[in-house]
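Going in written order, the chains are labelled A, B, C and D, and every chain counts its residues from 1.
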């Protein structure tokens, strides 16, 4: 079928490619004319403006937005004058599901169908397909089924879950209509919250492996430093690159994130090109706020989020206060780095 | 080659099977004669005692122990009178690596080679192969290479890590000599610590999904209960079984543990057969203690461990004390379950 | 001066008493006529309705609301028709500061001054005085200074902070104008967030003391149970009641919450009257959500909040899923309680 | 009575002073002759060596060691040749209680009584007295009762705990015989573990207050940065110094650590003299390891410990790995500081 794609960044461009390869006709737009030009060379129909994109689509239209959450509201405001009842607008990015619910209500009043589609797959999605978590009105979601089916990985070579053959539905194809408006972004939000937790688990574990040789260091013995009680137990120079690789093979912790870990460590086992300032882009935060509203304990996911805040220095005042308290009650002088 | 296998539980029996299928000759022993009998029907050579097992093995012997950590010391004590210099003893279970280091020193004094082999793969290892993390003296590890190679999954159909082709070693085969005695159990310990963190991340996330409909409940409005500020945002009845399935397909959180989650939820989406009392069997604890000794922050892995303690009611006195304090400062009366 | 007090629960009634003892005239109202009657016997002027209360106050009026956050909006709606420009409305409860900011804007449009006053002190505040964290417009806050001064503890016998004598302000008196509307509730919110953290720290520590004799129990030795490695180190039957008392005397952890802990344990060292289902009433949740918005890492405060969720069984599905995963990968059968 | 004091650092010197002021005779030794000289000017009897100290004490001797845990073993080894059956050795520092148990067994074999005395009070203990948590054999502890009574704060002006008058014991005096050898250090260890948790709770909360004006900053709007959804709610410039002070006055979070926080912020509200590298000196680590052995969930105390590790940069490799994974799956480029 025909679909418009707005936003040709890392995700949007590859999704357009996968749709075109799947036989769909894509009209594409991006604020960067270069990005549009690139896609027209790959069989997309380029648009010069939002108005132009809308004009090039047959009614009722289907338009997929693939832009950062911060830009969604403005984009919808700009698109709205050009849309007509019956058109479908898909938000394939990571908006906060509460915003999505509000937007869906506003658009429904104009008879425009708003679909939220959480999209996972990263830069490898072009080849592997994208896992799609969809929310919105039944009819509109059904209308776009061919698009979802193409973007999703399909059954492929992934082994079936035992007992799954007795069940209906599209989950095995890699896309799922999760519920009414907001349900797709809700599920995607939690998905990303889990992702933070998984990543932190690997990172903490790898950090232990990296420190398995601390017994080789000489340590100061004073009242400010905890002596390492058993230096003989910390004499291992472990090869984290090979360990990540061996865990990919049959171990309980094998996963796609571990594949990526192995890839990163194979590129450079010291990770020297990174400073260790880890961004977070919203979904982790929303997950925790949602869990707190619902009264659900999420210590692991929260702590994983805070590790990222910490990595960017946001604990600085708290840490200073800890040192200040220690000075007040015990006269402890702070030890500088390297001492 | 020929190898003895002691311990024919879930892991040991399947490992013996995989070895036999790989062309090795296995002499097996278990405290349960039934377990031995079963294996002899599958082409293993049964032994009636430890002495019998040792007698049936050619020198220099190779004996693989696959028993719970709590029984390892006694088993070695019982085996030792029968062993001779040059024999190899493999501990394939999850012993604390500090114990392993000690035992290796003691056995080395008798010229018996002690190999620690962390073994991951679970009940599916027979088919998929086992991920092996090996510690111990070079010559002994090299001697058992055929055994490790058979137990490991091999390259199989798992995509290669980019750049890996320029590197040597056995990691891609699914087994790795990590370092001297204890290194295998050290790496396996951290592996399991990570496993706890991954499992908790999924469990917490799924629990949020399960609570996505809390806005449908009527809640008491009193000073003891936080009112749900936005019940309209919690009206989703999500299908956790299908969500687990769709995440298996191309998403960033896909993993073997997610496969198992999908399998469990397909079996019964309510998980009604479980009480939620989660055991822990040592490696998670050792991981945290090791991290603390090394000064490595592991908030996610620790919190995951504590969730298990909590699930078994170990926070009870702490919780009572919190309620008691609230009563003291605010006269707050505890709300019973269901009120 | 004259002031109206609405809400004669544990906090409101005692605050009215302290104001009357301080020479102020209090007009009081509560939905319970009994509560009003009780206060009239203690020199308060009773009101039979909100309208009656407003009528009995001289203009410009000052009315203090001391009701649960969930009832504030409705109360203001009911009061509003009776109020006139220049009147001051104080919210002395624990409203979410974002709500407070909104309400202040709405009331300011009607020239009614809204003051948010976070109030700490618990049931002992009548005697000790209340710590007051105040937000709102300067003139209105200044007008109520006599009220704040009476409610606050004053300098009393608490030792001065070194260097404080060179500083101005009311902080030493126990009340502080923290900033514009919402600032008082913001500071009180964080105060309560800290309170959760402090309480959890004591509770966890006391729980360790309680378990100092676990080495006396016989434990099962199987693959599902981590054996206690060093039972000889866990043979202490500690007297938690006396330990709380001794810590009150000169130790670094002395605090008012510790005083309460000692009181609770003196009442009953087993805390048998409590089930351990710990309520939370909003501020802890708001603290975490605020911290997340601001990007501030708060792992301790968050974890303390989750301990309360956990105590009420909210982790149940997560725990079941952990057991389910363990069954899937390792065939581990859950151990029931008592086994 | 007469007592020897070894170690005249911040703690030991003040304890000797308090003992002398209480009418005891103190023979003192330190590796620094200056420290000894200083104390002799304050009525202590100086010793020039361990042998000299022992010689100057009447039998059966009582010697109090106040040195860092790392130096205790060597000190005992050096003292031992000079001691005789019936002598008492007090370890007033923070040794790991497991070491204490071992040492007590070794000394008991020589009929030397070993007492472990956890000592809290910090630099203010000279004036306020020290909270003492004592472990060891009954007779020896009873013999030193006059010393403990002098060091402890006594009942003083601290309000009695309700119901305490019906109970016996020394807890109200500020010292407590907690149990056999190790019990004192066990209780002190948990005390310090709690202290870490309390400190972290204050530090995290104060850090939120410090960030209450983040809405005034302009933030980048891109896919790598979570936009602040509600900048209007983060416009407070809070005076953390005055807030700490007002909380000291009647609030639920009042404590000695809060007094110190107020003092530190009064000295310098920006804490500019601190880098925020927070030391930990053993007891926090031992607390967590003990809790894990006993199966007691301690998420708050653990997380507080990890905050200190984090403050010293120990998460660096973990953070780099998180950025590396984000690059692998999403092509996310790390944002440097200040961007």
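By our rule, contacts are C-beta pairs under 8 Å (C-beta built on N, C-alpha and C of every residue); 3 or more make two chains touch, one makes a residue touch a chain.
In this text, all values refer to a predicted model and were calculated from it rather than measured experimentally.
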Task: Chains contacting each of chain C and chain D, listed by label - done: A, B
- [ ] List the interface residue numbers of chain A and of chain D, divide the shared ones by all numbers used, and answer same when the ratio is over half, different when under half.
- [x] same
Task: Separation of mean Cα positions, chain B and chain A [Å, integer] - done: 28
Open item on the list: As a quick test, compute the distance in whole Å between the mean CA positions of chain B and chain C.
Closed with: 43
- [ ] Round to the nearest whole Å and give the separation of the Cα centres of chain B and chain D.
- [x] 37
Task: For chain A, residues that touch 2 or more chains besides their own - done: 122, 200, 202, 204, 207, 211, 226, 229, 252, 256-257, 263, 285, 293, 295-299, 303, 306-307, 310, 312, 314-315, 318, 329
Task: Parts of chain A lying in touch with chain C, wherever the complex brings them together - done: 252, 285, 288-289, 292-293, 295-299, 302-303, 305-307, 309-310, 312, 314-315, 318, 329
Open item on the list: Taking the touch rule as given, give the residues of chain C at its contact with chain B in the complex, in rising order.
Closed with: 9-10, 68-71, 96, 122-124, 199-200, 202-204, 206-207, 210-211, 221-227, 229, 256-257, 260-261, 263-265, 271, 274-282, 285, 299, 303, 307-308, 310-332, 334-337
- [ ] Show which residues of chain B lie in contact with chain A when the two form their complex.
- [x] 97-98, 101, 120-122, 125, 128-133, 152-154, 156-159, 161-164, 167, 169-176, 178-180, 182-183, 186-187, 190-198, 200-202, 204-205, 207-209, 211-212, 214, 226, 228-230, 232-239, 241-243, 245-259, 262-263, 266-267, 287, 290-291, 293-301, 303-304, 306-307
